[in-house]
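There are two complexes below, and they share chain A, which is joined by chain B in the first and by chain C in the second.
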Partner chain A sequence: MERIPILRMGRLLLVTIQVDMHDRLAMTLQDDLTARIVKDRANGVLIDISALDIVDSFIGRMISNTAAMAKILDADTVLVGMQPAVAITLVELGLNLTGVRTALNVERGMQMLDRSHE
Partner chain B sequence: MSKDYSARLADIVSDNKDQLLDVWLAGLFSKLMRRDKAGDAEVRQKAAQFLPLLADTLKKSETLNIQSPEWGDLRQLLEEISQSRVRQGFTPIETASFIFSLKEPLFDHLRKALGDDSKQLADSIAVTSTLFDDLGLFTVEVYQKAREQVILRQQQELLELSTPVVQLWDGILALPLIGTLDSARTQVVMESLLEKIVETGSEIAIIDITGVPTVDTLVAQHLLKTIAAARLMGADCIISGIRPQIAQTIVHLGVNLEDVITKSTLADAFIIAMKRTGASINTSESRQQRA
Partner chain C sequence: MERIPILRMGRLLLVTIQVDMHDRLAMTLQDDLTARIVKDRANGVLIDISALDIVDSFIGRMISNTAAMAKILDADTVLVGMQPAVAITLVELGLNLTGVRTALNVERGMQMLDRSHE
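Our next item is the complex of A and B:
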């Protein structure tokens, strides 16, 4: 079955979504990610969606939920690399993802996480 | 019934092509207010194309309904003519007279062909007249559409002109908004801001609303949408240039701007943005002494 890879970098987890998300893939990712946060004792999660061209309300909600779950497991989530079109779509859908931190690219996202863990 | 008329008309057109063309163009040019050689040559060429095509279509077509597929080629030719007239700035009357001035010469020929049979002649003229009215109206319609396209394009250009995104500093963008914000404009503003954020890798965008005359709930909502979208991309927004009246309106309307950094002037917003990006501002010593 198709899976989205979760890479570990120190105490950070890096998730790069390179394929079109469908609902089951998103749910699997949520399961995998929460499991890995606990297993690797991660304190930060970077979700890179720069390759994602299309989002729907479900994926938007799933991202927001994942961030909330990670927060409960004491890991900060930073969503990086959102495309302008995706940002506009999410806002039009009324999903402002309040509570999710965002950064322009992976580098900035890492800096952000590093700063908050110093 | 109409088949006979259209066959006769086709014969008349194809038999007297050159003669018709001369009379037609003479009539046409006499109606035009202003002429130039290039325009005349184009009209002459189009008219020369039009006559054989008309004869052809009349022969082939079962109907005189110009919207039917058989009349497609002829319609296309007329579209080209109308569109080029729009570009050259002709009036609708001048455009329509291309078709209408062909009527007279055609009637003359019909009269010559059917001089003794007045009933046939009257019917022929009625049918021909209806056909040419349709064709003429069609050219006017195309003319109108082409004009509308010009207006639309200009609107689009105005829209883009009125929403520049400028880079103030490394990592700081400014978006001076001028004029009323409506949905369509917000869309353009949002898109150009987000594109620029990606392009320059900026972290802070200052939205200056000094030039926005009024802020109502809709405008405020549009602003908040833009800010939310920028935040999703990882950039923070500062709203600046809020005039006292607008501050009052915003509060009276109950618009929640608490999550957004707001400053009264662009200068204040710029200082905040500079601090955020880690830069510091020092006034030079000589300047301080003078002060």
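Our next item is the complex of A and C:
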């Protein structure tokens, strides 16, 4: 079954989204990620979307929801690697990623999460 | 155009393979990765294959070649996240990943690369 891998780095989890999201894959990701936050005692989640050329309202909402779920489990979410064209489209379409912080790349996202847990 | 994202973490590069490899994608990955090793002055490459259910001779050779290219550019490659079924198949088919070290997961791979550069 298709699923998106979740990689652990210390107390952070890294999710790299490379494929087109659909309902079932998004639900599987949310199930897997929440389970892993609990199992690995993670306090931060990095979602890398550098491979995505398009972020539509479905993916935007999925990311917001995932971040909200992580937050309840006491893990902060940072969205990293957004392409310039995606940032332009998000603003032009008026989509906002509620409750999601962003950083330029994985490294800066890790620094951001480290700082927020000092 | 479809491409596999390469994430930088310190002096390491992380590549997560989630999609089926074909000739062009493999060549793009090799181009991108060698360029990034030079640009980011990376000394290690982690290739995560936890999302792959099957590693055939094409992917095996692609990984070996990529590791050989990285080595010439003075970066070590560690393959991480292999599923148990993949390990079984590799041995049964007699495929060997020449010149590639493996580790259980990203964390252990990072430790392995850190140690080899001390």
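Note that the second predicted complex is superposed on the first by the 117 of 118 C-alpha atoms of A that agree within 3 Å, B and C clash if a C-alpha of one lies under 4 Å from a C-alpha of the other, contacts with A are read in each partner's own complex, and residues count from 1 in each chain.
Just so we're on the same page, a contact is a pair of C-beta atoms (placed from the backbone, for glycine too) under 8 Å apart; a residue touches a chain by one contact, two chains touch by 3 or more.
Every value quoted in this text rests on a predicted model; they were computed, and no experiment measured them.
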* Asked: Of the two partner chains, chain B (first) and chain C (second), which one does A:N96 touch, if any: first, second, both, or neither?
  -> first
* Asked: Does chain B (first) or chain C (second) touch A:V106, or do both, or does neither?
  -> second
* Asked: Just chain B (first), just chain C (second), both, or neither: which does A:I88 touch?
  -> first
* Structure fact -> Interface residues of chain A shared by chain B and chain C, listed 105
* Parts of chain C lying in touch with chain A, wherever the complex brings them together -> 3-5, 7-10, 14, 16, 18-19, 48, 50-51, 81, 105-107, 110
* Asked: What does chain A use to touch chain B in their complex?
  -> 79-80, 82-84, 86-88, 90-92, 96-97, 102-105, 108-109
* Structure fact -> Listed in rising order, chain B residues that touch chain A in their complex are 187, 190-191, 194-195, 197-198, 201-203, 225, 228-235
